[in-house]
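The structures considered in this document are given below.
Both of the next two complexes hold chain A, though its partner changes from chain B to chain C.
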Partner chain A sequence: MTTTVALDCMGGDHGPQEAVRGAAALSLKRQDIRLILVGDAPILSDLLDDCAYNPAQLSIEHAGEWVEQHEKPREALKAKPNASILVACRSVAEGRAQSIVTAGSTGAAILAADFCLGRIPGVHRAALAAVTPTELSHGPREDPFALLLDVGATLHATAEDLVTFAVMGSAYASAISGNDNPRLALLSNGTEPEKGPAEVVEAHKLLVGMESLNFVGNVEGLDIPRGTVDVVVTSGFLGNVVLKMVEGIGEVISDLASDAYARKFLWRLGLTMLSSGLKEIESVMDWESYGGAPILGFRHPVLKAHGRSRSRALGNACKVAAKAARSDMVRVVEDSLAALPETIGS
Partner chain B sequence: MTTTVALDCMGGDHGPQEAVRGAAALSLKRQDIRLILVGDAPILSDLLDDCAYNPAQLSIEHAGEWVEQHEKPREALKAKPNASILVACRSVAEGRAQSIVTAGSTGAAILAADFCLGRIPGVHRAALAAVTPTELSHGPREDPFALLLDVGATLHATAEDLVTFAVMGSAYASAISGNDNPRLALLSNGTEPEKGPAEVVEAHKLLVGMESLNFVGNVEGLDIPRGTVDVVVTSGFLGNVVLKMVEGIGEVISDLASDAYARKFLWRLGLTMLSSGLKEIESVMDWESYGGAPILGFRHPVLKAHGRSRSRALGNACKVAAKAARSDMVRVVEDSLAALPETIGS
Partner chain C sequence: MNSEASPWRHVYRWDLDKTYLDTHFEKFSRMVRIAFESAEEKRNIPGSAALLRELSADGGEDVGAARVCILSGSPRQMRSVLEKKLRSDGIVWHEFELKPQWENIRRGRFKAIRDQVGYKLPLLLSSRAAMSGDVRETLFGDDAEADTFIYCLYADIVAGRVDAPTLVRLLRSMSAYPDAIETCLDAMAQLDPFEAVERIFIHLDRGTPPAWFAPFGDLVVPVFNYFQAALVLFTEGHLDAQGVLRVTRAFREADERDTMELANLFQDIQRRGHMTAGAMQRLAAAVREQRSATLEGEVVTVCEDRFVALGPAATRSSLGSTSVRDWDELVDHQRRRPHG
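Showing the complex of A and B:
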């Protein structure tokens, strides 16, 4: 089965060349993934001429404008009806592709997906999920990563939103990691069911009753670096602050490394710290291998790659997007939400 | 000037002997600090007999019962009117001591202080502040620590609460670190003033107008390990989750250390990571030196030492409590809140 991924080539920190190079390399390796390169056609075509690639696996779709990182997403999309992220989303809406990858503005990607793709029935709010490195490993492949969501698609979350995030995060973890029964928890200030603000306490009650989920209860902040569970659910405000802490730790380590030996050692070690063990330094240093952060809740998968992604990370994001498109994730989310009491998922 | 600290000797993880030993050692070193040891008098007296101490600096005040960590604070205090934390707070309320140190239940300490001491005029909610290790240093002594509050005294915070926390955190940082003009920020999901939930945006507006504070705006999660500012203000729910992440990182490092060399090196390095540089390994490893987490908002200082504190940490907490009692922190907080618009601090 061939899956087509629409790759928004514009808006990343390093320009379209990284996207084009990543796509070209992937086209030579994976006959089962077709790629639509979305962006300024003359530029993309020129860049492609400099690469080895398989023309059967690649095509270009023109988008003469794009959303810059500093622009306000809503205004930018209004002003630029042919922005690359909109063209990419339309290619999926019109059936030419099955999923989307972008390294551009997160806000623009969420809005464009909302305009063009629509949400899964029962989903009121999309969520941005992040893959965070952990000490303990996860799933049959022993990935040293867990999924944290929402990390900032929306600030507030009701109990119903948190339940929806749990269903979506669990379905995504299953689809991508091959972990049939991912362990799922709510982030709170204590493990007891009554700990946390009202929406967390209420979500806890609802999740306990959902047999399709492997809900293990509340976890605390220290469980994030440790990796006690596979999927951690929280509101976008808290999730965003926590994610930026995880990212900040790596930067702190590298700053502290003041001479060459220390730099090398500290940097390796700092990443190890969050890994599944000393033996896995290499795989954990390899942040680029996990590809991107899924935006969950739409009828088709959208992968947000980091703005500073290079070609390899973007190629990996396309692989993950293809895998997500082939899974039955969307149906699983829809079915799970349909099975909920009437006040939710309606 | 002599200051008297009421030291609640019961309720710590390692029993009253650590408190008694810490107090005995301090009595030989500091003629300016008197200590009232609060707890089971026969037990404390026996323990004291085994220590070298200066009897002029120490006395015992009997409390035959105490709150256990597993008890619900409110119920426990009702059932135990002579619990050690209540006796310690009463000794301050009645003028025999000027501040309190406890390694017992945080919830019980907050409630007991609320019953016995009363809040500073203008303060609606007390806050628990934590000292977190940072890469950048702070104040004239270049402490590799910053203050984070609230970390869980209450879950929710209104804009007014956040402003109160800012005033209190700033006053405490001044009093303890000798930093006259501590840099202060709100924790949010972006540095722009309009970022964050409504209460954070509103608090931002109010803080901008307060000339007595050195408010620098919003900071993000990554600024906590980095230490961009001296005082970080947030709600108790978010602060608690974030604090437990910081604590968790150290534990993850030590778990990962699988052989003796690695254990030593990783552990040192893990703490270094959060320090002000490679040269300060020793001072940063010295977690016990900062003594305790202040509970702010009451008419007299209350220091919550970690449950697992040993004698040295408890002795240091008594020094910090004495220093806070001598400062004009309470007056500064009262004056700052009185200067606010009428809707706040009233």
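Showing the complex of A and C:
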């Protein structure tokens, strides 16, 4: 089965070059994924000509405008009706593609998806989900990461929103990682049900009663890197802080190791002896291999790649987006939300 | 050179390996198997036979016949197998040159076994010298070795843009044997300058990025397949709409391409400036006129959508423009080629 992914080439920190390179490389490897490169067509065309690529797998859709990272998303989209993220979303809405990848502004991606694709009935707020590296592995493929959501789509979440996030996170983990019954938890400052802010306590009560989910209760921050559960649900504010901290720790460890390597011969020797183990840790911490963070809640999959993404990360994001489109993820979320009590799903 | 009007309407020169025949190999075992394949076992590049048949079809007394010249680096020992293969494809040829590899070995000319420039250029020039001056040519090669370099050099020599001392210097820098240089100079002396080479199609067997060919100028059209070549040849008046459809059908059947893939291939050749909007409209109109061709009609509709989707990139055109080639730079460029 062939899936078409619309790749917004214009929003990333490194410009369209990395997106085009990633798409070109993917076109040579995967015959089952077609890509629509969305952006300034003359620029994309010239960049593509510098790459080895399979032309049968690629097409270009022109978008002469795009949303810059510093712009306010709502105003920018209003002022730029042909912004690349809007054109990418329209290509999905009109049936030319089945999912979207963007490395551009998260806010613009959420708004554009909201305008063009619409939300799944019952979803009041979209959630940005990210994978975080863990000590324990997850699912039948023993993935070394867990899913954390929301990591910044919205700042605040009500108890009902947290329940919706739980349903969407569970469906995504099931579709992408092949984990039929993912273990799900709320992030709090204690494992006891009454611990945490009011909306977390309320969400706990609601989730306990939902048999369709494998809800195991609350987890603390230390459980995230341990990987005691497959899906961790939290508000966008807290999730974003946690995610950035995990990324920062990984980078600091890498910098410290490089510094130690340069400073003393004995440390260099020690690091050399540990190199295979360190490489394994590095590969687990390597966000580029995870592709991107899904923005859940829309009628079609939307993948938000890191703004700093290079070609490899964007290529991987396209693979995940294609997989999400092929899976029944959206239908599972729809069905799960439809089965919720009216107070949540309405 | 004979200055009488040419009896030929056009000359089409084709390489065989990786241009007409699919002789791509990743493994040594496949390379050995190719050398011993029978005519029946030989595989075409999808659409190559259909395209060559269309190009060489008899145009009637008014326009004259097309001359098909085949120049291959395959050894002469393969002649009977290759001729049988071409005949079974319905191809009629007028020249068919194969490399004298056994003679190269016997004479200890080991450089000549791999050399393409010193082999192909003298034969191209000699063939041209034997023709009348006003016939134009379209050349087909691939990106595996030096076809682009050889064909462009040939085009510039025939057009009088490369003089004898420059040619000698270039051929020496490419390690050509003295007798090859001598043959080139003899043939060159018989030529009146004429802009004979109209277009050079390079089949991207190795997937070389199209931008690599830019220094060779707009004469060169890198194509991923013969569906794309047929579209360009339609634009330039070598094929009519029915011819394009026949090549498309053959390509589609041989390569199992669906509508979306064909539309993407169309957009690729179009965005690279090798097919004009006018040609697109003419093709679309011709396809719509024949009501039975629903499949092709569907392809054309999607192609039109892809055309619109390109926005300002849709109006770029490289056809008809010329560029001056810097041959010293091109020697270096050729040496640095990908897959070299």
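Criterion: the second predicted complex is superposed on the first by the 315 of 346 C-alpha atoms of A that agree within 3 Å, B and C clash if a C-alpha of one lies under 4 Å from a C-alpha of the other, contacts with A are read in each partner's own complex, and residues count from 1 in each chain.
Going forward, a residue touches a chain if its C-beta (ideal position, glycine included) is under 8 Å from a C-beta of that chain, and two chains touch if they have at least 3 such contacts.
Keep in mind that what you see is a predicted model, and the values were worked out from it rather than measured.
A.B. asks: Pick one for A:105: touches chain B only (first), chain C only (second), both, or neither.
C.D. replies: A:105 contacts neither chain B nor chain C.
A.B. asks: Please tell me which partner, chain B or chain C, touches more residues of chain A.
C.D. replies: Counting residues of chain A touched by each partner, the higher count goes to B.
A.B. asks: Per the contact definition in the header, classify A:58: touching chain B only (first), chain C only (second), both, or neither.
C.D. replies: Second partner only, chain C.
A.B. asks: Is A:45 touching the first partner chain B, the second partner chain C, both, or neither of them?
C.D. replies: In the superposition, A:45 touches chain C alone.
A.B. asks: Is A:156 in contact with chain B, with chain C, with both, or with neither (first, second, both, neither)?
C.D. replies: It touches chain B, and chain C stays clear.
A.B. asks: Mind working out whether A:220 is in touch with chain B, chain C, both or neither, as first, second, both or neither?
C.D. replies: first
A.B. asks: Is A:244 contacted by the first partner chain B, the second partner chain C, both or neither?
C.D. replies: first
A.B. asks: Across the complex, what residues on chain A touch chain C?
C.D. replies: Touching chain C from chain A are residues 2, 4, 28, 34, 41-42, 44-46, 49-62, 64.
A.B. asks: Can you tell me which positions in chain C touch chain A when the two form their complex?
C.D. replies: 207-211, 214, 224, 257, 260-261, 263-265, 267-268, 271-272, 306, 309-314, 316, 338
A.B. asks: Quick check on the complex: what are the chain B residues that touch chain A?
C.D. replies: By the definition above, chain B touches chain A via 135, 152, 155-156, 187-189, 196-197, 220-226, 236-238, 240-249, 251-253, 255-256, 258, 262, 266, 269-270, 272-275, 277-278.
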